[in-house]
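What follows is a pair of complexes built around chain A, which joins chain B in one and chain C in the other.
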Partner chain A sequence: MSGSKRTDYRSVAMPRALWYHLYPGMWEVFFRSLGLSVVVSAKTDRATVERAALISEPEHCLPLKLHDAHLHGVVGAADVVFIPRVLSTLTEHIACPKLGSLPDCAVAQFGDETPILTIDIDENKRSVHRSMLELGSELGFRRNATRAAAAAALSAMKTERNGLKTCIDREDDYFLILAHPYILHDAYVSAPVFGKLDAMNVKWLFPDYGCESIESGPIKWDACGIMHDALLRLDAGRCVGVIHLSAFNCGCDSIVMEVFRGLLWEKNIPYMTLVIDEHEGRAGLDTRLEAFVDSIGWRNTLDNAV
Partner chain B sequence: MEKQGYLGIDVGSISTNLVMISEDGGVLFQAYTRVDGDPIESIQKALSAMRDVLPEGFRVCGAGVTGSARYLIGGVIGADVVKNEISAHARAAIHLHPDVKTIFEIGGQDSKVTVVRDGVVVDFAMNLVCAAGTGSFLDSQAKRLNISIEELGEKALLSDTPTAIAGRCTVFAESDMIHKQQAGHRQEDIIMGLCHAMVRNFLNNVCTGKDIESPVVLQGGISANKGIRRAFESMLGSRPIVPRYNMVMGAYGAALIASDAGVRRTSYRGYEVCDLRIITSSFICSDCENRCEIVEVSDRREALARSGGRCRKWEGRVTKPGPPG
Partner chain C sequence: MKKKLKRLAFEPWGNYAIALAASVQCLNVEPWTRTATTPEVLELGVAASPDSACLSFKACTGHFLEAAREGVEYGVMVNSVGTCRLRYYRMLQQQLLEERGFKLFIFGLGYDGIKPPLIRHFDPRPGPFLKCCVRARAKVLAVDAIEKYAWHTRARELHRGDTTRVLNECLGDLERADSLLDIRRVKESIPVRFKKIAVKKDAIPLKIGLLGEATVLRNRFLNHNIEEILGGLGAEVFNFFLLGEEMKNIFGIGMWGRHSRWTLKRLAAPYLKSLVGGHALDSVANAIRCARGGYDGVVHVCPTGCMPEISVRPILRKISTDMDLPVLECSFDEHTSHLGVITRLEAFVDILNARRTRGNQTWKNRVISV
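Here is the complex of A and B:
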């Protein structure tokens, strides 16, 4: 991995993309508590998207392209770049396989310029908490220090997640937004959608991606499994529509969409998919959102008339 | 002739359409004009043409705008209602054919399917960025064959054995067509094959997972094409209904929606719009890192409308940006 002793790292850098958003606020608190200084790439902006288009493989999904751009931006900014190998974030489920290759891709691309630090995240084998403990010990930190850092990291993530609107069992008249956390939390990608919904005065919520486990269902991808679980519990009397925000080319989404469509058809809840990519055009997005909200208004008029 | 009515304008990527309706929803005037790069000028032309047809002193009680440039144009003409094109097209189709269950609307840059039950929209889908299932696909192929789009429709009908053409992508379709032409296929068969490819692409991609039931209404620019109508008929097993105002249904719907809206006092600027000397300029918003380009439309005196940017702060606003910070 590198010639230098790992305890010598005094600073760590990480890209603000993909896996970073799966654990909001967690990793920087972990490393900071261990006494390292942390550099996280700046939030996605137009320059990031332009850089992604320039350096990344054109066939990748937008979140993966953005990961390339964010990574490119932090190489050399600290003693080491951290990229975990995320294999699963939920027991009995697996992550999108692209996440598992990220540390190797980074070594292949930037191995000459920076050491890459990684750790396996596989909830089927051990909790993310234990993964952090292992990482701390690999880095040569004392057990007590690592324990305290991991506890602080988990609690920071919990606080961060509490700010999200996820109480789908208790709210009324809302739209449920399905999207992978790395789409939801990247404001550059999701803000045009949320801004439009706000401008139309509609209430929207997310599924709770922080849940520790779900009942085993047919869908084995972690985030998609959580979405499916939320849909199973969805009450047509409370949720007025479901909007699935998906990155162009997402293989997992392309398969689960058909399952979701069938499930929501049975529940009589309107379902719309919105595919996003790096193209800037917002007109199509606005049209779809407006028409979806319109059609639900019409539908309610019909239901009331009957 | 009626003395008052409601105006609907549809500003699409290829055409600007305008419809004036009477209070009972009858069409008094309709215009289909090519945009040719300047939507505002095309509206001014269409409005001038309308001035020549409608009686002196005709009163516009309300105006609705739809289409991809609706927010910008809504600001310019002073629209009372700005509506998305899916709702506008559906409004008009349901008005003319109350029993419609499926609406196919294929325009220059996009194609849509709208599922209607009991007179309300229950589902819809639009094509993605790809233009393979849209009017511009046919346009470009007609150009390549060096015939007009009208001729293309007529010629297609002469075919009795359409050639199989790959319709997944315009690039592949084009190379496939060249290949078939070099292999000696007749031109009319290739053209009809193209119509089939386009319709197949639309049904397979845009309509995936949608409940397609008859009666089907086919509208939008492409519904004028006889080859396309024939292709739909052979693939659906029944003839789609092409409504009377098939080319301007978006504008018709916008007018109907304006008439539904119960506008008390319209903000429509009237024929004054024709005389506006429109200047389009743009500036970079420096409020955040994204540095979005904001387009501003103004006449000599004042800014009329703005659009652009990832956030919504400039939408419709007409005050100048303050100093940064």
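Here is the complex of A and C:
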């Protein structure tokens, strides 16, 4: 992708967006263990969102727009910018097609200013561990060094994931939150929702996106498949409602939301979708969440009365 | 008394509907389709579909809803194994139909196992079935041939509307053609008929490539009749979605053809190194082809929010600057205004004409003849 020899890279930059959240904490540790210095763009804030509106394709989904803005922020901050081509993060499933062209788009947009480093992530062909090994050898590192770095990266990711709030006291009534990992983990996008839920004293958890495999179902997109799997196994006695946080213009969600709606209707679990876009309209969000949670409270009281 | 045939609805896919209708005859069903969506059908689809679904989905859903209302028993929908939303259309449409109490059953066409479920269900005898397939293929190729002549002639015609009239006549004859021999006769008559149209002899019209998503490229209603508008403005178009070529890709034959996956991949490689899904790779490859082939410009056509196509737009923009190829991005949804489309296309054609007068010479080394 660039003229210079790859082993010359001393630092690597990456956008804190999209694929970065699919493997939380992993890439940083991997590169750092290889002795490269790592620059990650700052967390999403208002300025990021504003930049996204300026430079990104208007018809992109919100995460992709944010990715463009984050990417713009790190171009030139290091010798090379890393953007993997995520084709699948789960065996027998595929990633959203938009992720497949990311490195090429990055080259098209910023290729004149920085070299782009990429590697295919396709769990159907090889594990992400093997992908890291290949990346290491492509960069010219010794096998042993790469191995150690990959192992450290994987365990760092595990710790990071365990720290997430995927499990709470299972006895409680809880809400299941469905959202793509890059929505969950981007505090700017999701914090208002979680803040509101916590303020209402509502317990919530989300599906385990770190799972190794799931039973093959009708939905073949990886994250959406995991959500669907979680819904199938949902216990109507304990889960009182499902809240789906979707990004504006998300193509995958536009399809699976309908499927989930049908499924949950059969299970008799209330389902709400919240579409998050780049405009600040948090008041509406609060009201809708309140109304949803209240209505469920009412439902339970009525049920108990009968 | 003759038993009333059951009916089978399929997606309105431009003039190819004629050919597809021919292919289901052997299944002993009556085809139910149109060559373009109507406003009423689209309205039905929009009302039933999720808000953020793409235009192709809405149009197609509306089509099945209308079919179900008229009591059609079966439908058929491609069952892609790709990465884009198309893969789930059938499942979702079936769900939407059932929720509304309709009985229409939609078969998935293709790729699970050797026999598609549709064939398994109707179980035609192999002899007639093969014959039907051959006939359908001949018709697809004939449609492609007719359209190519139309694109060529429309930009040069002296009297507005001549080409469209001849085009419709040819298509009508093709629809009625039952045997291979008849189809061949129609096909042979095509050049003769188009040559009769009075044209400006030595005009060198603008040449514009149409790239993008297959359904919208081919459904006149969804793309606001872009071919005719451009033709009327004196531009010769080339629509890069050709089912005749696509069929070869589907069946994995013809590795060396101009439109084979392999060729496209090689062509697009400097800019795009993955398939992405849908026809995104085709769009990138064909844009490069247009730039090299001396096209004056291209229009990138897709439904608003189309996952694969939108995701390669930054790449198309890069090709546009690198190779000096004007690209007009046209996304369509149910709110797209017809006048707006016309205005944009007119402006685009004006720009392309101005480029020529300003001394742009690319059109002179136009080599492509696909």
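Simple rule for what comes next: the second predicted complex is superposed on the first by the 301 of 306 C-alpha atoms of A that agree within 3 Å, B and C clash if a C-alpha of one lies under 4 Å from a C-alpha of the other, contacts with A are read in each partner's own complex, and residues count from 1 in each chain.
Definition applied: contacts are C-beta pairs under 8 Å (C-beta built on N, C-alpha and C of every residue); 3 or more make two chains touch, one makes a residue touch a chain.
Keep in mind the model is a prediction, meaning the values are calculated, not measured.
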Does the superposition put A:D45 against chain B (first), chain C (second), both, or neither? first
Given the touch rule stated above, what does A:G284 touch, chain B (first), chain C (second), both, or neither? first
Who does A:E258 touch here: chain B (first), chain C (second), both, or neither? both
Partner chain in contact with A:C105 - chain B first, chain C second, else both or neither: second
Applying the document's definition of touch, where does A:R85 land relative to chain B and chain C: first, second, both, or neither? second
What is the contact status of A:P218 with respect to chain B (first) and chain C (second): first, second, both, or neither? second
Which superposed partner A:P270 touches (first chain B, second chain C, both, neither): first
Contacts for A:G195 in the overlay, against chain B (first) and chain C (second): which applies, first, second, both or neither? first
On chain A, positions contacted by chain B and by chain C: 258, 275
Residues of chain A touching chain C in the complex: 57, 59-60, 64, 85, 87, 94-98, 100-101, 103-105, 107-109, 111, 120, 218-220, 249-259, 262, 275
Show which residues of chain B lie in contact with chain A when the two form their complex. 68-69, 83-87, 110, 118-124, 126, 128-129, 209, 288-292, 310-312
Once bound in the complex, which stretches of chain A touch chain B? 42-43, 45-47, 188, 191-192, 195-196, 199, 248, 258, 261, 270, 275, 277, 279, 281-284, 286-288, 290-292, 294-295, 298-299, 301-302
For chain C, which residues count as touching chain A in their complex? 50-54, 82-85, 87-88, 91-92, 95-96, 99, 271-278, 280, 304-308, 310-315, 317-318, 331
